[in-house]
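Encoded as structure tokens, here's the structure I'll be asking about.
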Amino acid sequence: MNHRLPRRSVPMFAMVLCAAILIGWAYTARGEGGEPRYFAVKGARIVPVSGAVIENGTVVVAKGLIQAVGTNVAIPAEAWVIDGAGLTVYPGLIDAGTNIGLAQDDDGKKPARGPGASGPEDRPGTTPWRVAADELKTDDKRIESWRNAGFTTVLTVPEGGIFPGQATVIDLGGERAGDYVVRPRASVPVSFKPVGGFFGFPDSLMGTIAYVRQVLDDTAWYTQAEPIYQTNPTKTERVPYDRTEFVLNRALQSNEIVLLPANNTIQIMRGIRLADEWKVRAVLYGGQQGYEVAAALAASKIPVLVNLKWPERAKDGDPEAEQNLRELRFRDRAPGTPAALAKAGVKFGLYSGGLEGPKDIFKNLKRATDAGLTPDAALRAMTLDSADILGLGDRLGSIAPGKIANLVVADGDIFNEKTKVKHVFVDGRWFQIHEEAAPEKPGEKKPDDDDGARSRQAKGGEGVGR
Amino acid sequence: MKRALFCAAVLFFTICMPVATQAQNPGTIFIQNATLLTVTHGNIEHGSILIRDGKIAAVGADLKAPEGAAIIDATGQFVMPGIIDCHSHIAVDGSVNEGGPAVSSMANIADVLNPDDIDIYRDLAGGVTTANILHGSANPIGGQTVVIKLRWGKPASDLPFQGALPGIKFALGENPKRSNFPALPGAQPRYPGTRLGVEEVIRQAFIEAREYKKQWDDYNQRKAAGEQNLIPPRRNVQLDPLVGVMEGKRYVHAHCYRADEILMLIRVANEFGFKVRTFQHVLEGYRIADEIAASGAGGSTFSDWWAYKMEAFDAIPYNAALMTERGVIVSVNSDDAQEARQLNQEAAKSMKNGGLSANDALKLITLNPAIQLGIDARAGSIDVGKDADLAIYNRDPLSVYAVVQKTLIDGQVYFDRQKDIAARATLAAEKQTLLDKEKKAAEAKKAEEKSEKKPETKPDKKKKPPQDDGESVQSGVAGGAR
Amino acid sequence: MKILTFSSRASALILAASLAFPAWTQTAATTSYAIKRGRVFTLAGPPIENGTVLIRDGKIAAVGAGIAIPSDAQVIDATGLEVYPGMFDPVTQIGLNEVSAVSATVDVSELGDYNPELIAATAVNPASAHIPITRANGITEVIAAPGTSGFDLQSGGLIDGQASAFNLAGWTMDEMQINRSVAMVINWPSIQTRTFDFATFSIKEKPYADVKKDYDKSVNALGDWMDRARHYAQAKEKGSPALYERDLKLEALVPVVEGKLPVLVVADEARDIRNAVDFCTKQNLRMILGSGAEAWKVKDLLRDKKIPVVLGPTNRLPEQEDTPYDKPYTEPSELFAAGIPIAFASFGTAFSRRLPQYAGTAVAYGLPHDEALKAVMLNAAQMFGLADQLGTLEPGKLANVIVTNGDPLELQTQVRYLFIKGQLTSTDNKHRDLYEQYRKRPQPAR
């Protein structure tokens, strides 16, 4: 190890920090282990979500997990200590519905125009074996921009078809794609959009629902028939191989959650009914008219992932087009859904649903908090409750010993638009977030940041641990 | 904050239900002093109807309103049983046709009922209280169907007519053989392309259904006998309803035009041991009215539509009267949200076209469709014990000048013309408020975007905004407002 | 009620003729009739009790109470009956469309967007089954308008041709024709962001900006046509024939730009109507609005510009979700109250016989009964420049007369006698024939 320390007359702290940065760079350049595995954020305000707020507390991160949190915790000697004065530590935020990391066709998903399916046996739009974890591209720029805003975890969902594949929970950091994956087969998303064009099967909503029903029946049959065959191969007719049945059987047997589409009231009520009929562990996604049926949702105990992309008037639509009252009411009241769900005791998470970036996510979240969602409930929905819904509440979503070290350290209330995120920990990897430089005005010189690090004209920051 | 929320909730609920009157449902209602068109036992001048708990409790000219009853003064007005539309496609979410396969019996209208379809309200305002919601006519064997009451404002689960048997739609003739559709470039034509094939598709499907039923019967038998390690047959969502047809548990409503194809279906039904419940459209029914009557099927037809297709070229407006003369139970239907608003007018035409009496004309849209749908114990006439499904008109409903004043279902007023008119200003004001609010927000957003100096960090790949009807977790679920 | 004082041979002849030759079922015997003892609604004054209408040589000769009946007149006893001018359906495709789904029988809309030179009368089939069926319900004359659509047809290009007015009886179009060209039909382009794409059979959503561009292009093109027609007219008038090429399309538009031939502009949405009125004002065209589902939204404009409206079927659904449920029913009375001339039309073929029903529904929701009668018998004649020939029972007018057993707008009313061009015309038609035929079918063997 050959390090050259900068010879400058600067404050001691800055020198140490620069050294740390260079050391970190060196490690990064070699791309091998040796990164710091122990951190402590000291003297910060800590919002665990699973417990009361801790003023002037310390979080200790060790080897990817939270080792300790509290006011009087022991800090390991090896730990890199970050001064938390004036800062607040939150659990890393969870975006419960994205396609981050997945390749997108330019024109959205268009199924190949072949001869349409003539019936359910042709398995139209059905590729449940596609797992997002297997297709992850870590050069997706959104990984960084989400992370810089405080998101550490997302559910990334394949698209295209009625059973597009299986969604994966990923943490937004790592070296290889596999490092990112928290749970490769986290859920089976379902879409009711007919894929048959005009003359293929299915070309209607009811046909698509009937198709899903048939697929689940076929899977149930396979679940029953396959073991019988395997234990009596000489006495029973061989059970044919159907990849869909095979894969879904495994998925449903491991109690994977099934994501059912349900945005407006009719769809939500239908989703509740179908979840009951099909006896799957269902989560509804969309949920934007939940404000009307919060009580029914609560009674059903089915969790909801609420799409933060609130309905809006079409931007390139006819300015003179008549807006009907039904839609006006929906657009007006949809942001009130999270508050209504919270009030009724419905467990819900939030997702970006196609919003361009975290700025819009927080803007839209503000509309929900303006409409009555308490900041605590908002945070909870974006952390622990989402983790619970995704079946990972035992290891994500709050600041508690043993949980994965996904943390956001900010200089204020995370949902305040003026707040700046300073540090993000993903699986215990430290990312230091730097401000974007404002474009230089002619004749004006930009002063150095207080801590001596140069401002960078970068998209987001670079941090240790890359 | 709580108080504001409470006020908001109250405001919300009072405005939320569109123009429907609030469900007061005081339990006892007394409609008084009207001309009652009972349909089953004559007209009663200056008659009254007592309704208790949604049912007709008493009917007569000498009734007195009990204490505490809600009075509907219908002096000078006419009360008839709520109209039953035996062929309707309202209240469906998405396409009414699963047109892909030739047999789409797996599709079920009951899965996709849309209680927010404004046409429910409009048909209610036309006196309709019950409708037979059918799958379209794109397939020889189409999807499963459901009878609903037009309970505007209630959720989808509250629409189906409790106790009515489920149905299934068949279609014969030009539509299922797609003779009037342009050929799509590159698309494979779907069998059947002729009436020959239409018959074959139906027979083949029932042969398969018979086989399927046998497999399950065998399996159940062997299982009951204690056999172990039996792999059950697959459940087939497409064939299940056909088994139901053969077991008499599901009604067949067959769209048909030409006389020969009607006879064909009677023959096929006999072969598989079931009866067609209604022939729909049945525009050439007049040619074989006796055969239809003998088969026990009802005929549900148009008043005077014709010449839009070749198979409709010999349709005559006397169809309903002629079939009635020969003993067929005939109803006149709409197949169209607008036509359903004027079924009283359409029924009246059979007085002119074929000389039906006024009461027989009324039956075409009340008792007869009730019989056809197997709900005549509950609806279709003003009789004690039946559901209080009623339409109140300002004059004889068989006159072109009649206007519906109120429509009741289960004794509850679901449409009130005066209240509808009175509510318009309030709704318009609410709409204007919301429009203004949106406009202000849009202007504020524009101003805000202008004042921002830094552009938002944009991801490199330009993501195309998703199509409006795209649906996935990422692109959001289509299905805007209620 | 006395039956016709006719020999039964003549009636058999009529029956046979009506089965084989739909439009030709007129008696050849007399040209002089006296309809007497009926309640006569002339629409040119109060009803005449116990009145008489004299018909001679195709025209109305006299109307009144107690007038002398000529000795050669065939007398029709209308005791207990009512006498009216025949009804007029001013927008149909009768004769141009037999079976909508069978393109071989449809001649409503030619290929291409601009066909002003085409005239409906060229292709009207006098043997169409729709003719006797429609007149049996009291409609005696119609206008066939190219490019217009009924519920079962798609509408055509922008200018599909000239509409023709004709009687619903005659051996050939020459006999039937009232006026070969009564209006130029323009289908006003609409700004639709949601369209059904037949190529992929799906709903396509286009950005407003794109659709607006296409719309502006169409409107500008329409304006260009009018300008070129003006120049053509000028060249024709002032220049020598050698200096310009004969252009049938421009020639056809000359009467339009000169204000001699009205344009029937078919439009429903308020914005389209406004834009159409704007266009016609700038271009100095005589506009008649056709269909007009949202005319009520712009009624002040229509009234101020004195634009009459030929309303599409009263019995239709409201245009928008929030539009009051009864708006299409109340619109006729609203427009009438605003001082706008209205007429009813079926815009169809098979539903032309529903014309009185459309008028009756309008009465149910507020239109005065007298006005409704005018709107199906007289007003269209005035709008299309035929009021000198049609629309009232007055001497000198065409004897298109119906004798009914009651209010012609009521659903049970039957037409007892039908006169077209002063000839007693049978109300037999294909439907009645099939009815009679199958009524007589013996019970099948068991």
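Remarks
Letters A, B and C mark the chains in the order given here, with residues in each chain numbered from 1 onward.
In the analysis below, a contact is a pair of C-beta atoms (placed from the backbone, for glycine too) under 8 Å apart; a residue touches a chain by one contact, two chains touch by 3 or more.
Model, not experiment: these values are computed from the prediction.
The chain pair with the larger count of C-beta pairs in contact, out of A-C and A-B, is A-B.
Ranking all chains by how far their C-alpha centres lie from the centre of chain C, first place goes to A.
Relative to the whole-protein C-alpha centroid, the nearest chain centroid is that of B. Rounded to a whole number, the gap between the C-alpha centres of chain B and chain C is 34 angstrom.
Averaging C-alpha coordinates per chain places the centre of chain A 64 Å away from that of chain C.
If each chain is reduced to the centroid of its CA atoms, chain A and chain B end up 43 Å from each other. For chain A, residues touching at least two other chains, in rising order: 198-199, 314, 324-326. Of all residues in chain C, those that touch two or more other chains are 201, 205, 321-322.
Within chain B, contacts with two or more other chains are made by residues 184, 427, 431, 467-469. Of all residues in chain C, only 98-102, 129-130, 151-152, 198-199, 201, 203, 205, 315-318, 321-322, 324-326, 349-350, 353-354, 356-357, 360-361, 363-365, 409-414, 430-432, 434-435, 438-439, 441, 443-444 touch chain B in the complex they form. Only residues 197-199, 314, 316-322, 324-326 of chain A touch chain C when the two sit together in their complex. For chain C in complex with chain A, the residues that touch the partner chain are 191, 193, 200-202, 205, 207-209, 211, 271, 320-322.
The touching residues of chain B, when paired with chain C in their complex, are 118-119, 121-122, 125, 174, 180, 182, 184-185, 286-287, 289-291, 304-310, 312-314, 316-318, 322, 325, 337-338, 341-342, 345, 348-349, 351-354, 398-403, 420-421, 424, 427, 431, 467-469.
Within the complex formed with chain B, the chain A residues making contact are 97-99, 104, 106-109, 113, 115-120, 140-142, 145, 148, 155, 157, 159-160, 164, 167, 189, 191-194, 196, 198-207, 209-211, 213-214, 217-218, 220-221, 224-225, 228-229, 231-232, 235-237, 239, 259, 261-267, 269-270, 273-274, 285-286, 289, 292, 305, 307, 309, 311, 313-314, 323-332, 351, 353-354, 356-357, 359-360, 372, 436, 438-439, 459-460.
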